[in-house]
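Okay, got some structures for you below.
In what follows, subunit A forms one complex with subunit B and a second complex with subunit C.
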Partner chain A sequence: MIDEKDLAIHPLVPESIQHNNLTLSQLRNLSASLFGVAAGILGLESYPGFIFYLVGTLLVSALVYLFPAKREPKRYFQGGLWELIEKDVLNGLMSFVLTWTLFFGLVSA
Partner chain B sequence: MAQALTQTIYRDPALFYWILFPITVVMILTGILRHYGTVLLQAAPKKEDIKGRRETRSLLRGITLRNNAPVLSRSSFQARKNYIIPAYQSGQFLKDPDAKGQPPPNPMTDPAGMEQMMGMMKGNMATMIPQTLIMSWINSFFSGFIIMKLPFPLTIRFKSMLQSGVATRDLDVRWVSSLSWYFLNLFGLQSIFTFILGNDNAANQMAAQMAQMNPGAGAGGLFAPGQDPDKMFQNEAENLEVLEHWTVLDGVEERLLDDLDIV
Partner chain C sequence: MTILSKSLTLVGSILLFHACYSAHEHTALYHTPSSSALSGASRFTSSFRLPLGSQSSSSSQSAAASTSTSSSSSTDLPLDIILETLLSVLVICLGLVLGANELRPIAWRVWAGQLERTKGASAASGADKSEIAAGNPFRALEERVGFWDVRAQRKDFANWVRGGDPDVKVD
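Showing the complex of A and B:
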């Protein structure tokens, strides 16, 4: 929890926060769909598929941490590294399942 | 192990071209239609008369003052407070000062309230109609056979929903009919709409339903219908009265020296 006093001394610009979140969520959505395509083509079923998604998401988080965030996630996200990792993971899961199912069906038909 | 035996069903690949792709395309197009329909249906903001505008703006001014009080020095905060609080308490900014103390108008008869209700109704319609239409379209056209196998297992409870119209008792739940592809689309297409229509689109039905659950969270007006503006002014005056003022400049010298590492 951020202190009210700290917030007044180091003010946050809501537009910038929104922009950062938007960038991250677009990246997540796109990568989730592509992971779904990959998992479907690889023919992964049940747990391996979900684990594939988790590993892929972690990989994307690591890349975001290294390159756009330049190893300083606190500068870009209020909650620091954890917020960078867990944001939009569940949202992406939906699109992952969609493309996974589609390509799994297409390949195994 | 009874489960070791996996069931295989040979399906015509044409199932994909004639069922899977049409449903997906229809869902995407419906989302786009919904988005533009909502944009069209949005009523243009009504012109407000100058008194009403003054009422909302002056209340907002009090709230902004309260939120940003640390930026002001003590004397200027005091000066603003001394101006705002008596004006609030005497009802100087009210739209019609004569209505002070009277019970608020019934939201059902108040024209402003009616307009808001109409907006909500329109939003409701835009969600409900396509959903019902597509569900019944899929049910009447594509029910009664299996189209695909899910890549993950589900519990037996989903059988009646996902295999509707397929009367086989022992079929694995992973084989599903077209309705479940519809559900997958319903949940999973949000990201695609984000790419097509931009971020704050109105295409997704799930998001729209979420918004209906808590309408207060949206960009509602400051004055909900049925709320007494005079009471809100009194409340705000009280909030300002009890606010304990401090400025960001308190102790700024120490902080600066700390940052510079001079000490």
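Showing the complex of A and C:
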């Protein structure tokens, strides 16, 4: 097993991994609610709303890549850049839909 | 950094609130039940073609056409509200990301090296204790029970009991 050997030679810090994942998921949850508010205000319906969410999460990933991760995602996330992009996207979707429907109803009904 | 992020988030929230209120007012203005009732009534009159006042019926027909076009196009907001919403989202995202906790390197050697380099600085500046406690890569080794200096600890405890602050009661 190459992976185990690799881990033995370059050990990881579980607390740091946990801390980074927590930070990322907090950002994702907050920004997902925010995108829901925006999508509700813009009055998006069906697929455009979900596309808006995906574009928004990509934007947040890009910001995380630029500022907290300082363009070195491998240093902070085990899976590198891809983990930074796809982590917790589906978790945020729930809060996105919640605030999306709420603000859609508030604004346009 | 934190002040910058907080102010960005605040400005973005105000913009978002304003955009939300504007959008609400906009839809309330163009979706009022009275206008739809008016357009329905005028359509009704125009379909009947009352002989009296054909002038007024034609004018009401044009008004109905204008209201119907406005109600069909009122689902899309004016450009400035859309731009304000998008800008506010961008600004809040920037504020959130800048205000997020700092990430820690996951590779042990990078992490420990960083800690050793910043150890003296953090101790001198009196950084918060959790950081320092979490910051010792060899804590597990140093806290092994077999390596406790029991006599030194007993001495420390005795000193603390004798000369410690009077608020603390030792039973």
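We adopt the following convention: the second predicted complex is superposed on the first by the 107 of 109 C-alpha atoms of A that agree within 3 Å, B and C clash if a C-alpha of one lies under 4 Å from a C-alpha of the other, contacts with A are read in each partner's own complex, and residues count from 1 in each chain.
Quick note on the criterion: a residue touches a chain if its C-beta (ideal position, glycine included) is under 8 Å from a C-beta of that chain, and two chains touch if they have at least 3 such contacts.
Note that the coordinates shown come from a computational prediction; the quantities given were computed from them, not determined experimentally.
Aligning the shared subunit A places subunit B and subunit C next to each other free of steric conflict.
Of the two partner chains, neither subunit B nor subunit C is touched by A:89.
Of the two partner chains placed around the shared chain by superposition, neither subunit B nor subunit C is touched by A:81. Contact with subunit C, but none with subunit B, is seen for A:37 once the two complexes are overlaid on the shared chain. Between subunit B and subunit C, an angle of 100 degrees opens at the CA centre of subunit A in the superposed model, to the nearest 10. In the superposed model, A:98 lies in contact with subunit B only, and not with subunit C. In the overlay built on the shared chain, the residue A:20 is in contact with subunit C alone; subunit B does not reach it. Look at A:108: by the touch rule set out above, it reaches both subunit B and subunit C.
Minimum Cα separation between subunit B and subunit C in the superposed model: 8 Å. Shared interface residues of subunit A, touching subunit B in one complex and subunit C in the other, are 22, 26, 30, 106, 108. For subunit B in complex with subunit A, the touching residues are 11, 13, 15-16, 20, 24, 70-71, 147-153, 181, 184-185, 187-192, 194-195, 199, 246, 248, 255. Across the interface of their complex, subunit C is touched by residues 10-13, 15-17, 19-20, 22-23, 26-27, 30-31, 34-35, 37-38, 41-43, 56, 59-60, 63-64, 67-69, 75-78, 103, 106-108 of subunit A. For subunit A in complex with subunit B, the residues that touch the partner chain are 5, 8-9, 22, 25-26, 29-30, 32-33, 39-40, 44-46, 49-50, 91-92, 94-102, 104-106, 108-109. Of all residues in subunit C, only 16, 19-20, 23-24, 27, 31, 75-77, 81-82, 85-86, 88-90, 92-94, 96-98, 100-111, 134 touch subunit A in the complex they form.
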